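Both complexes shown next keep chain A, but they swap its partner, so chain B is in the first and chain C is in the second.
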Partner chain A sequence: MSDIPALAEEFRQAYAAGEHPDAAAFLARVPEDQRDELGRLIRAVLADEPPPDPAPETLLMVQAMRRGEPPLLELRTARGMTRDQVVSDLREELGLEPADEQRVAVYYHELETGQLPLAGIRDRVFEAVATVMGVARSSLLLQGPQGGGAGAPQAVYARAEPGTEVNLDALAALPGEPGAVDDLFTGGPG
Partner chain B sequence: MRKEAATPRRLSGDDYDLDAVVASYWDPVLQWIRSTGKVRGGEADEVRQDVLLRVTREIRAGKRYRLPIGAAIFQITNWTIRGYVAEAAGRREREQPFGELPGDEPFDTGAEHEIDQVGEDEVVQELFARLGDREGTLMTMHYLQGLDLAEVADAMGITANNAHQIHHRAKRRIHDWLVAGGT
Partner chain C sequence: MNPHGRRESDPRAQHLLARFTLRFGKITGPVPVDAVARDLLGLFVMESDDIQVSGLLVPDRRYVYLNAREARESEGRRRFTLAHEIGHWVCQCDEGRAGSPEPILCRESDMASRTGGALEREANNFAASLLMPEQGVRQAAADGLDVEAAAELFGVSDIAMEWRYFNLEITDARPGRER
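Let's look at the complex of A and B:
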């Protein structure tokens, strides 16, 4: 029998300290029949505690989203990183081979310009992007096609880097192992 | 809802830094979604995006929430999760290779319609009605009619201290309903 109140208290302390505890990771620590109860206590913490001050990076990305600009591009620019650099780091972080880099680049472009449905992206990709960008996973603002910011009707952003238009059909012609990379970016949750 | 003291009860695009609000709830909303265990991975990010874009759109359009902003955001999150789960169930149903007979209607729990059709005022009124006479009346006068607690106490013929106690108790009950995932 897990000590549910103690786990909820652990979540509260981490949350109040601004450590961005992951609710799903806490749920995974208890048997399935106790998850509803722990989830309820975690939501009580979230409703009770003042929201933490947002990370500066999150605020930066939210402001970009409201302007109708790609949040991830805004963050990358603020970090002073080139797209090639991010793609290379991302490929390494995901444990993929150098031959997969072009394929990762195609998906990263889709991700950065809000054209990749978020529901299809594996957790590992979110975590890897957060690591490469130096932010907490929960602070990361990735935007999918449904979004586009309050001022923008769609999320295919005008402010993409020149020369980066991508034809997804070209993916098939790229070197590397198609299955693994495609699965990471489109394989669904989990 | 203890944060009420630090957070203005009502929010409008004019008197609030909307970006800061959305940014400050970016992580809590994701954790709220993940705590339900109903949506996973990138799906949770998609739900969060829908919630906070909706809040952004509504506030920029001049909407004023009746509930404290945190409670309003988490309530919208509950609705959005319900709609998302219903939509996913419908999608799975439609994709069943042998599950459909010609003319079958797609699975629909009605939750999506609930989100679109139920106005916030109606939901809040229903919520307050569930509180019973004294608490419901006080909350209606305070939140929906805009009276401060001293004015409410006068109108109800009770002391200000009593009004504060009833207010506190009512908020606690709403809080408990909210975290249980209901309206």
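Let's look at the complex of A and C:
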């Protein structure tokens, strides 16, 4: 028998602290026949408690999105963190090898700049990014591709000698063979 | 262009450096152009032996490719090319807010057209303003540094500094070559 009131209180405290707790995750912690009871208490919390103030980092990311800028890039630069530092920490947090760093860097770049479909990213990656950035997972605001995702580049600017050609397809390939890193960033939720 | 036919500093370059300082601390030594591109602007900078151009910006992907052979030959040229691509990103792409701009490949025909030429000149002037901030260059000249010494101080090629000295009216000698 689960302690339903204790779980409801845990939810209330998390909600009041602005952590945006996942109600479904709380319901999943109790046997099926007790979910109605916990759901009723959670709905009562949501009805009674004033909505929490958003975390400062969430505000920062919302403001960036309104300006048309990638929220994760804004968060990283606001924290004065270099991309190399974040990539290195992220690689360690995900338990990957140093040899994977270049591949992680490419995926992190796509994640940071809103080019990576969020539906393909494993939960572990979201958790790791939040940890590296020093924010709660629930405060992290990410953006996927807008308007159909990454297709053929629409434009290029080249500093070129006259008469030269550019083959973008030859440049686009990721280094090395697909493996664990690709699965983490494109393998889907879970 | 000022009344004397010289290019004035691009204030957007100074603004970018101020933003960098605000987020990553004071700049000492040559402008850290790689860090400006990568850490502040979120551009992914790569060097490749497979491109026949000096530099290439793919705005949708936020990728910058630099010619690896040229980079090995001259660090000053590499830095100027990267600053030039940053110039395209800031001036013409509005750091990604401008949507998808029309394709521009800077071949001979593009360079000859008024639009392509203007965009390239704008990116060049931005690059010069970014790598050789006006106040610092004027101070270097006031301290008696010649072009070669100033170029070394700012991490650019001699010809880039020649143009900067000319455009800031530190010298009347018009350089004869491209940066």
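Convention: the second predicted complex is superposed on the first by the 132 of 190 C-alpha atoms of A that agree within 3 Å, B and C clash if a C-alpha of one lies under 4 Å from a C-alpha of the other, contacts with A are read in each partner's own complex, and residues count from 1 in each chain.
Assume a residue touches a chain if its C-beta (ideal position, glycine included) is under 8 Å from a C-beta of that chain, and two chains touch if they have at least 3 such contacts.
Values in this document were obtained by computation on a predicted structure and should not be read as measured data.
Enquirer: Just checking: does A:109 make contact with chain B only, chain C only, both, or neither of them? Give me first, second, both or neither.
Expert: second
Enquirer: Of chain B and chain C, which one touches more residues of chain A?
Expert: Looking at chain A, the partner in contact with more of its residues is B.
Enquirer: Should A:82 be classified as contacting the first partner (chain B), the second (chain C), both, or neither?
Expert: second
Enquirer: Where on chain A do the contacts from chain B and from chain C line up?
Expert: Residues 150 of chain A touch both chain B and chain C.
Enquirer: Looking at the complex, which residues from chain C come into contact with chain A?
Expert: Interface residues on chain C, with respect to chain A: 23-25, 35, 38-40, 42, 44, 46, 48, 50-63, 65, 81, 84-85, 88, 92, 95-97, 100-108, 111, 119-120, 123.
Enquirer: Please give the residue numbers of chain A that touch chain B in the complex, ascending.
Expert: 15, 20-24, 26-27, 35-36, 38-40, 42-44, 46-55, 58-59, 61-63, 65-66, 117-123, 126, 136, 138-139, 141-144, 146-150, 188-190
Enquirer: List the residues on chain B that touch chain A in their complex, please.
Expert: 1-3, 6-7, 18-20, 22-28, 30-32, 34-37, 39-46, 49-50, 53, 56-57, 60, 70-71, 74, 175-176, 178-181
Enquirer: Can you tell me which positions in chain A touch chain C when the two form their complex?
Expert: Per the stated touch rule, the residues are 67-70, 73, 77-78, 80, 82-84, 105-106, 109, 112-113, 115, 150, 153-168, 170-171.
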